[in-house]
Amino acid sequence: MAKSRFEYVRNYELPDPLMPGTFIVVRIDGRGFHKFSDTHLFEKPNDKRALDLMDQAARTVLDEYKDVIMAFGESDEYSFLLKKNTKLYNRRRSKISSSIVSLFTSAYVFHWLTYFPDNPLRYPPSFDSRVVVYPGEKEIRDYFAWRQADTHINNLYNTAFWALVKDGQSTTEANKTLQGTDSKDKNELLFSKYGINYNNLPEQYRKGSICVRRPATLVDDRQPQQQIEESITAGVSNVSIDDPAVGSVEDDSVSQTRINGVIRKEKKIKKAKPYEGIDGEIVVLHEDIIRDGFWKERPWFLQ
Amino acid sequence: MAKSRFEYVRNYELPDPLMPGTFIVVRIDGRGFHKFSDTHLFEKPNDKRALDLMDQAARTVLDEYKDVIMAFGESDEYSFLLKKNTKLYNRRRSKISSSIVSLFTSAYVFHWLTYFPDNPLRYPPSFDSRVVVYPGEKEIRDYFAWRQADTHINNLYNTAFWALVKDGQSTTEANKTLQGTDSKDKNELLFSKYGINYNNLPEQYRKGSICVRRPATLVDDRQPQQQIEESITAGVSNVSIDDPAVGSVEDDSVSQTRINGVIRKEKKIKKAKPYEGIDGEIVVLHEDIIRDGFWKERPWFLQ
Amino acid sequence: MAKSRFEYVRNYELPDPLMPGTFIVVRIDGRGFHKFSDTHLFEKPNDKRALDLMDQAARTVLDEYKDVIMAFGESDEYSFLLKKNTKLYNRRRSKISSSIVSLFTSAYVFHWLTYFPDNPLRYPPSFDSRVVVYPGEKEIRDYFAWRQADTHINNLYNTAFWALVKDGQSTTEANKTLQGTDSKDKNELLFSKYGINYNNLPEQYRKGSICVRRPATLVDDRQPQQQIEESITAGVSNVSIDDPAVGSVEDDSVSQTRINGVIRKEKKIKKAKPYEGIDGEIVVLHEDIIRDGFWKERPWFLQ
Amino acid sequence: MAKSRFEYVRNYELPDPLMPGTFIVVRIDGRGFHKFSDTHLFEKPNDKRALDLMDQAARTVLDEYKDVIMAFGESDEYSFLLKKNTKLYNRRRSKISSSIVSLFTSAYVFHWLTYFPDNPLRYPPSFDSRVVVYPGEKEIRDYFAWRQADTHINNLYNTAFWALVKDGQSTTEANKTLQGTDSKDKNELLFSKYGINYNNLPEQYRKGSICVRRPATLVDDRQPQQQIEESITAGVSNVSIDDPAVGSVEDDSVSQTRINGVIRKEKKIKKAKPYEGIDGEIVVLHEDIIRDGFWKERPWFLQ
């Protein structure tokens, strides 16, 4: 098409490639979510509906971007890890960062009513995002350990804080009560005064949410039905399978979708490289990612 | 709160400040909107509902970010201009870029049903964004001229293209028919064959949409009702006042909202610096921004 | 030639273009020049030989890089201004910054003996450099005003400081004596106690050095000899023509070189655009660049 | 000191920190060295004096910057590797890059006469520099392998090329003769036609120069004299000990300097961490750095 004499302004768009051979993390954060959670009457210290909605938005990102190999979320933030040698958008910083935060936001608003059916959205929420690049396996593990440690620290504090507030303290008083306390003090307070055993609280609150693809080969050599039953009865103690959004997205019930999914994909899976897990279904876990176990089960993440 | 031994990973978050004293443009672009517009049965070559929804999302951005002084949109893209000396987020590139694209996306999904009441959203759409920095007035004017010239070129082409297609040509044939034609040829084709006088098509299609704040002082020294009437009968030939979203946002009809708006803001307006126009209501125009007129009326934009 | 399997490491060399249409300043700074000036017994507060050597190194840069339109130096630093639309090295930040600091350093060492014939270099000195980009005329003028104001402030302080030290105070005492004094106090001290009228000190010390090309057209319509004579007798009160290095570089005496220069270049000059001054000889001035005069005489600098 | 109203221009100096925990390589390259080597009558295909001078300039850099752990040079280029966790200049890109290229250039000019006593420098040469950041050990090894492979490829070509030219071919003819030949062809040509066994040419030409510090502990538990003798008789077949510059720098003969060096530093060495080798003397090697040996002997380089 014809070029205008104004085209030169394109030269001001400078390149912003990220270093090759490094791990890209995109972290999104809610903007003004203190007010947003008040306006929408989120339960304190944790609103399971809100956390599940965050998880659903993260799943949407993993579903769209095959190079996002895992995500970790807590509260109003989520971190996405891209595979080391991703060529997504030629590793352009802005493109990667903006596309992910936009899709996450879009999915959050799109799925709102599924998670808050009686609580319509009052105004459009938003998130910011940043890209952080890490050179190696150690730094990536420490990054996610940092976020999960943060989840624990914040949740323990918030659990104690809201227990005090619900017990009649003002927020100022509750903050003051907790000032200078360590983890043991807070656990003790919760247990002795409110009968709360912190370690029995839901793992989703204490450990955050991890979005990953189930390795495709796990479903390969067993009967689909057997696998589903196992998932439901045993292995899924900390997998969110009671996900109200799945129906609306895939027009089908969870287990049927999964059976069909397995059947539909079976041939394709056999050709896929077994360790990549790209075709596997996306699951949300709530488990420890600070220790080695999680990473040893997924050696391809950090290769 | 306690610090974990993983905190060092924060050092990998490097600063990304934009040069001071320059104009920041954030341009957002629809991702995969060819498919999105097909799936959602957008009318061709222009779907007024879709354009109005884009305009509404842009208004939301201007409403939230006082330092965004204007925006220009066409098709599935929108460009936002920040005032030269903005301190928004300390001019951090990622923060500015991501917050704007996230809010735009959120508003697009949030307001969807207002513009497509019979056409529910099938999946969450997304946009990318980039920041471009311009040193001076000339480059900014040329940037917006570039986008508006692009609007014209694309719209003329698409209008001719879809006339041919609706007339029975395949898309391949239509492209071929138009190959090598200039503006005059396309105008001639539209007029002689289809009786379409291109210059009579809606300005929104030919010139795109400009989101600006009406200078606060314009509403100051007249009676609110008089102003509204004038707006409706005269000056607003190219202002979108038939905006279906306004009601749902402000719980009131358009003219009443404006009357109330004027009344509510009157005292505040008198204190505002008359040339800043920050407190003025946001309007969407469809006029020429290539020539001097638009900019001469708003000398504070480029100062 | 054959490519090795290691070639991929080149992909880690990321682009670093500077924004188009802006002013690029490269500022170089001596590293460890406190020690360097002590080791090489520089006179205090100003060593004319050292300043002339800095000026000579800057001339070498202007001589090599036609897009460097001016330079300003004081003490052990020098700032180089590139013309707004320079395409030098495709505006690559590292390439521009490193090439200039390297050539400057090289010329400094190369010409050392010309300025310090009895004082051989004891070890190789070095400089660092940085690039700063400015969007417009105002910022560039303020940048150079900032450096020249700094020259004045530092020189007045150092002049007073060394007067006190030479008078018997320790450096600690001298610093203490000057603590809290303003310009007027220092002028007064110098005059009343040491009979020094600060304003009569050499302009090179008080105003720094400005390296520019004499506009080529100035020599065009007059007889070469006439021009030289005028230069020597009148206009050059603050031009360094007693430059001991010129001879060694061009194998000729100053005035003859210049006469020859004019004669040799006469035809070429007539074709050159009169306002560019690219072909003009490089001169070192010591005059005010804070006020308008300097810039008004050279309108092409900031266009 | 007083601040001027122009100080705001400092805000245009934006931060440029390099990612933590990565390997920084600074590569410097001669500017216009084709012409420079012609003007200064460098011998072809290799001028040992010129290469030794390059090595000497690199030694100066290692001597000044303890965080530069090795350097590799060939022809008119040199690459410097900084240790992974260097805090040099807070990892500011420009500061690191410019300081190193400036010191290298300065040392090159400073030492010129030592290497070219009968061939004074005609004009100041210069180099550019760039910073490249690598995430891990593999990439660093491949980087240096890439440069050393390049040395080999270029030197084989140049050796054949200059043999042909000295034999009477024009440069154009020589280029044509070599077009399409592989390594084996060139080796064969050199041997059959000119009796040159390429593998017997000096390692400095075929493998380039590696500047490293001799690990401090290697000299610790042996008698200094014994170590020197071993160096001279055995291990140092490819160490440049006939370095004419050393005397002028260290005011002593090579072996004595080394003996003294060992003696002088002995106590200090015992306290130094044995693996760091920071206090060790700087040596120039000409050996293979593509294979594992070099790196296995220096495990601290890539940690």
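Letters A, B, C and D name the chains as they come in the text, with residue numbers starting at 1 for each one.
The rule is short, and it goes like this: contacts are C-beta pairs under 8 Å (C-beta built on N, C-alpha and C of every residue); 3 or more make two chains touch, one makes a residue touch a chain.
What you see is a predicted model; the values in this text were computed from it and never measured.
Of the two chain pairs considered here, A-B and B-D, the higher C-beta contact count falls to A-B. Between subunit A and subunit D, two chains of identical sequence, the interface residue sets overlap for the most part, with shared numbers making up over half of the total. With rounding to the nearest 5, the Cα superposition of subunit C on subunit D corresponds to a rotation angle of 180 degrees.
Mean C-alpha positions place subunit A and subunit B at a centre distance of 32 Å. Chain centres here are Cα means. That of subunit A falls 49 Å from that of subunit D.
Subunit B and subunit D have Cα centroids lying 57 Å from one another. Counting partner chains per residue, subunit B has residues 12, 19, 21, 133, 139 touching two or more of them.
The residues of subunit A lying in touch with subunit D in their complex are 19, 21-22, 133, 135-136, 139. By the touch criterion given at the top, residues 11-12, 14-15, 17, 19-21 of subunit C touch subunit A in their complex. Subunit A makes touch with subunit B in their complex at residues 1-2, 4, 6-10, 12-13, 28, 31, 60, 93-95, 97-99, 101-111, 121, 123-134, 139, 142-143, 145-146, 149-150, 153-154, 157, 182-183.
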